[in-house]
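Letters are used for the chains, namely A, B, C and D, taken in the order the chains are written, and counting of residues starts over at 1 for each.
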Amino acid sequence: MNTYGQLYKITTFGESHGTGIGGVIDGIPAGIKVDMEFIQSELNRRRPGQSTITTSRNEADKVEILSGVFEGMTTGCPIGFVVRNSDQHSQDYENMRCLYRPSHADFTYQQKYGLRDHRGGGRSSARITISRCVAGAFAKLVLNQLGIHIYAFTSQVGNIALDCDYSKYDLTKTESNVVRCPDAEKAAQMEALIKEVKADGDTIGGTVTCIIKGCPVGLGEPEFGKLHQMLGSAMLSINAAKGFDYGKGFNGLAERGSQQNDLYKQGGRLGATITNNSGGIQGGISNGEDIYFRVAFKPVATQLREQPTIDLEGNPTTLKAKGRHDPCVLPRAVPIVEAMAAITILDCYMLYNSRNNFPDMI
Amino acid sequence: MNTYGQLYKITTFGESHGTGIGGVIDGIPAGIKVDMEFIQSELNRRRPGQSTITTSRNEADKVEILSGVFEGMTTGCPIGFVVRNSDQHSQDYENMRCLYRPSHADFTYQQKYGLRDHRGGGRSSARITISRCVAGAFAKLVLNQLGIHIYAFTSQVGNIALDCDYSKYDLTKTESNVVRCPDAEKAAQMEALIKEVKADGDTIGGTVTCIIKGCPVGLGEPEFGKLHQMLGSAMLSINAAKGFDYGKGFNGLAERGSQQNDLYKQGGRLGATITNNSGGIQGGISNGEDIYFRVAFKPVATQLREQPTIDLEGNPTTLKAKGRHDPCVLPRAVPIVEAMAAITILDCYMLYNSRNNFPDMI
Amino acid sequence: MNTYGQLYKITTFGESHGTGIGGVIDGIPAGIKVDMEFIQSELNRRRPGQSTITTSRNEADKVEILSGVFEGMTTGCPIGFVVRNSDQHSQDYENMRCLYRPSHADFTYQQKYGLRDHRGGGRSSARITISRCVAGAFAKLVLNQLGIHIYAFTSQVGNIALDCDYSKYDLTKTESNVVRCPDAEKAAQMEALIKEVKADGDTIGGTVTCIIKGCPVGLGEPEFGKLHQMLGSAMLSINAAKGFDYGKGFNGLAERGSQQNDLYKQGGRLGATITNNSGGIQGGISNGEDIYFRVAFKPVATQLREQPTIDLEGNPTTLKAKGRHDPCVLPRAVPIVEAMAAITILDCYMLYNSRNNFPDMI
Amino acid sequence: MNTYGQLYKITTFGESHGTGIGGVIDGIPAGIKVDMEFIQSELNRRRPGQSTITTSRNEADKVEILSGVFEGMTTGCPIGFVVRNSDQHSQDYENMRCLYRPSHADFTYQQKYGLRDHRGGGRSSARITISRCVAGAFAKLVLNQLGIHIYAFTSQVGNIALDCDYSKYDLTKTESNVVRCPDAEKAAQMEALIKEVKADGDTIGGTVTCIIKGCPVGLGEPEFGKLHQMLGSAMLSINAAKGFDYGKGFNGLAERGSQQNDLYKQGGRLGATITNNSGGIQGGISNGEDIYFRVAFKPVATQLREQPTIDLEGNPTTLKAKGRHDPCVLPRAVPIVEAMAAITILDCYMLYNSRNNFPDMI
């Protein structure tokens, strides 16, 4: 329920305004050099207060490693970690104790559990994605050694969208603007749209696209562990995610099989394809081409303008958020998508590895 | 890897041209009356040879229950079952032993495992979804007692699409045409498109939409067991699935938060909402409204016209399928989507139940 | 619940008098040559009617492989299998429909599930261990390639016990007598005791000892996947098992640490020890020495002489078994202990393998 | 690997001399009043420095709850917690960096992981059982509400043993002496033996017996989730555990079936038995009688007198422990056995609950 993964596993805990956010990373191979600067930098990519288009909540989000690292190396033992909450402003949420915010998890938590921590959304806050970024950063350290690299970016905000053909873009440019979009021109349009929406006290959604390069052939299991199923499950677990597709996905519905089939190249790597409409996955198994997928995010439910809603007994009331909120989750969702992709790919890699190299083991 | 679910679990086996397809259903509550006629009828909805727009492979797909049922009732013990393969025509696939079909799993299986059963796609064949339909039928027997009902239908073929607002349609009409689309007019257009595509030796994709009515509030777990994550994972495990979204999903990207938020109704069931853009799920937990989602399916990769491809060593060759194939998976995907939804909802229900009614147990 | 293992997994189904007993083996590496003669021979070791000291139920117990094997090799896909029941004599059990046998699972099944298959113990029958023997036989095929070998034998019947120091015995002699005991003299005594007990209509218990040779250093996971924990869990899942210990276990309670510590050899394999009181496991991880453990089995509950008992409403009645029963489970428990050990060791090996050879994979 | 349980789950982290020991409790029902005084008192029962027969390491072992509790109640969200290490004396272990202690996990960790935290045994230290005590204390809070109570005690030290018939003893007397044995006379003998052994710089083992009262009929799953299997797995995961049996177990091997069968009482609770040789479990399912089992613990490997051993390259060297160590684990193992029993029973209860009360849910 709060654990993800089979062999590389992350178990998380924490609420927006509790003592801290943290987790346990289990299954990481021993002997990985732990680059704490890199790990903190990955956390910094999702931290609030980065720019004028993200929430002004301002926390250092400094991660403390509690176990599993000895003299700078992973030991193979579980890595406990915690990020203490600090700049909480819980009093901003006092009025939410007694009402249900529209399109938030207030009502469902209250009904499911019979009580809830109303402060800042409690466990349903996007703040809990901190744990995923830490686990993803550790996974990236391993994947780097395997030559696997992950690139996510904002590909759509409202109806401003990049072209589906990501090969047009220089993926190293993603961090060069606050929207995290590799196309400078579109990034500027997206930023303007977010600012406009924010000025209205409103919010907007969009998509993140993610590219995984360097995966060997063979990751993913047929039937109930298909690689795209694992990636989809990972992405749909992210707060505010509403959809997932890979390869041509929903964009290819009008095409015929003769258009979408990826024909094999003559020469070069065996099995390399001319096109990659399949998104690097055939029959649930990586085929050696780039893996790519999209994640749809809804507009943030919190509104800085007045909305009608109900109190705990169902009586009408109104609500105008006082907390600090993102007008658009996309820029901060990018590192979370990468983190979940890294965790998933490493997990699938270890599962694949479990059945390989048998004769070499003795 | 071949098991799905946590408390209501299905483990499957079988290949297209092996001895049989089957599985084990584990965790079903005891004392459920087993309506074998209903179970066989669910299998018949996915069987080949139903109409001129599906494959002409013609098998009875008769299920044999091997255990777990005693005097017409479930005993709480695992239900083993098998459907024997019969009309296989394995010789139609002999030429596939030595080549890789484009956009099929031939290459990835061969690389992952070092060998493969080339006959009819082996384990990657859609024929293995038989097991899911059996497990789904048993799940429906339980869900019916709980007042939970599932309705899937073909909502798009190529670019012929139904309206997103499913309340327009009479969902009891789905089985009245071969496309399994509740709108007779659109169904006719879809059927015509499929026939046209088939005549070309080509194929076409589309979407299935699924509605779940009667779910209590509280199914789904925060963080890594979100209800839409579980549903998405289930759907993405189906052969040829390329995408999943729920509620407004990809269709709502241009909307603002003020448009998408579901405001609460005054009066009636506590927590009922005026609109349902959220698709019946808030914070990963069912909110008592209808749950609805879409699944995108790619055009079938098998072409009845000649395609260039490669042999096992990478040399160029050509391929023209001789087997019997569907020009469009959508009509037969409908019962599979329902089956996977039923399995998932029952599983989530049992997880929810595990933490409820505590004081009543003693 | 009916699945065992994490990476090499077995899911089982079946009841004593149902249609058949079977299961699904998941996770077996591809490319293993399937020696059907060996697999059937392993099943024959547990089949009834082998000798005058086992039940006279007489079934061929012929296994049918339904999937996962192609042209004599494992494909990496799940292996479905079934053994049909034949010589059931269900009428012998008709009187058990309405009463609870002492120290059997009749009462607990009825209370847990609200109904039960009373014929031959239903799911609680030892007949369901057939599935374990099949999965164990496949595991042994893989372990043989890795140089890992498993030797179980009857080490105690009633109070006739072998010496704890198994190095005295020639483990290849186990199959040379009906008791499956490598010491011919003790075997004769055990056989005589079982016959005496049988003549009384009574039953007797004992222990099986199991030795695993050739395990590499490093199997088992600290904390909740300790190797002896995994083995203990496997053994305690066998019908009629009442206890498990490894190394000196319960026999070493009177010894001091200075007596039980295993000192290192000077020279030879690094880490080799002079004694092996630890049973080949330190801190939950295999240390390269022989792994050995014992399993205690209770006397069979079924009595061929009259016992007082109760009917479904609690009224007094009497019972004298009519079915065919073993006076002692030990001889037939030996292959089941080996099977569960093989499944567990292969599973732990694959888990170990999942984190190894990382740099070699690319 | 570092997670235990299916529905009530504990994931742990930490090493003896790292920053801290902690974990995440997942699956606890919401609305449980959190009695922090009780939880700390359970930790205090296992803390070092309690008496002259335990290690003199002196740490407060104060637990900090990081999440999952709001206004004194569980919220249903995961409970993160940490106990900071303080009185570590790491320099006492500096010499262990370069050698392997006999019958410790030093060699197996080094070989498995390629490196190890040598300080105080690292992850293999008994100190990591702190996490189990915290999770067990939370489980007890829930079980108390269900009327289920757990009583463990030291039943054997060396060859000083209590009678198997625990009904002779007043289980509320267990905490009245430092050995945690409910028989004052035997306790005095055990204490004297431990002091004698300690004076020699040596160590001694023994058994803990555990009684569970108040379990409803029906906990435990047939086949691979038998209640005694789950309990055995839990107990064998505890540091230094060498064996497990339940009911008559290894002590009943000489008895015949006619002696061991538990006959039903006439009158009273349906299914109540006159004797309880089965240990409260039939066919893997609780039968409403007391559940009882034993756990064997080896003598502590650490010796305060000189032992020969090897260094990392296998060269001979000697070792005399300088750290603070228990001469006998039994007194401090008692609360750990109770904790693991509580976690297991609650987990099995929730699994049982998942399939019950179906009609009531709607």
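One rule holds in what follows: a residue touches a chain if its C-beta (ideal position, glycine included) is under 8 Å from a C-beta of that chain, and two chains touch if they have at least 3 such contacts.
Nothing here was measured: the structure is a model prediction, and the numbers come from that model.
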Intersection of contact partners for subunit C and subunit D: A, B
Selected pair, greater C-beta contact count between A-B and A-D: A-B
Subunit A and subunit D: spacing of chain centres that average the CA atoms, whole Å: 38
Rounded Å distance between subunit A and subunit C, as computed from the means of their C-alpha atoms: 45
Mean-CA-position distance for subunit B and subunit A (Å): 26
Residue numbers of subunit C (touch at least two other chains): 1-3, 12, 27, 30, 76-78, 112, 123, 222-223, 351
Parts of subunit B lying in touch with subunit A, wherever the complex brings them together: 1-4, 12, 100, 102-105, 107-109, 111-112, 123-124, 128, 156, 158-159, 197, 200, 202-207, 217-218, 221-226, 228-230, 232-233, 236-237, 241-250, 252-264, 266-267, 270-271, 273, 277-279, 282-287, 296, 298-303, 305, 307-310, 313-314, 316, 351-352
Touching residues (chain side subunit B, partner subunit D) in the complex: 6-7, 27, 29-30, 76-78, 142, 145-147, 216, 222-223, 349-351, 353-362
Contacting residues of subunit D [partner subunit A, same complex]: 1-3, 9, 11-15, 18-24, 26-27, 30-31, 64-68, 70, 73, 75-80, 82, 112-117, 122-123
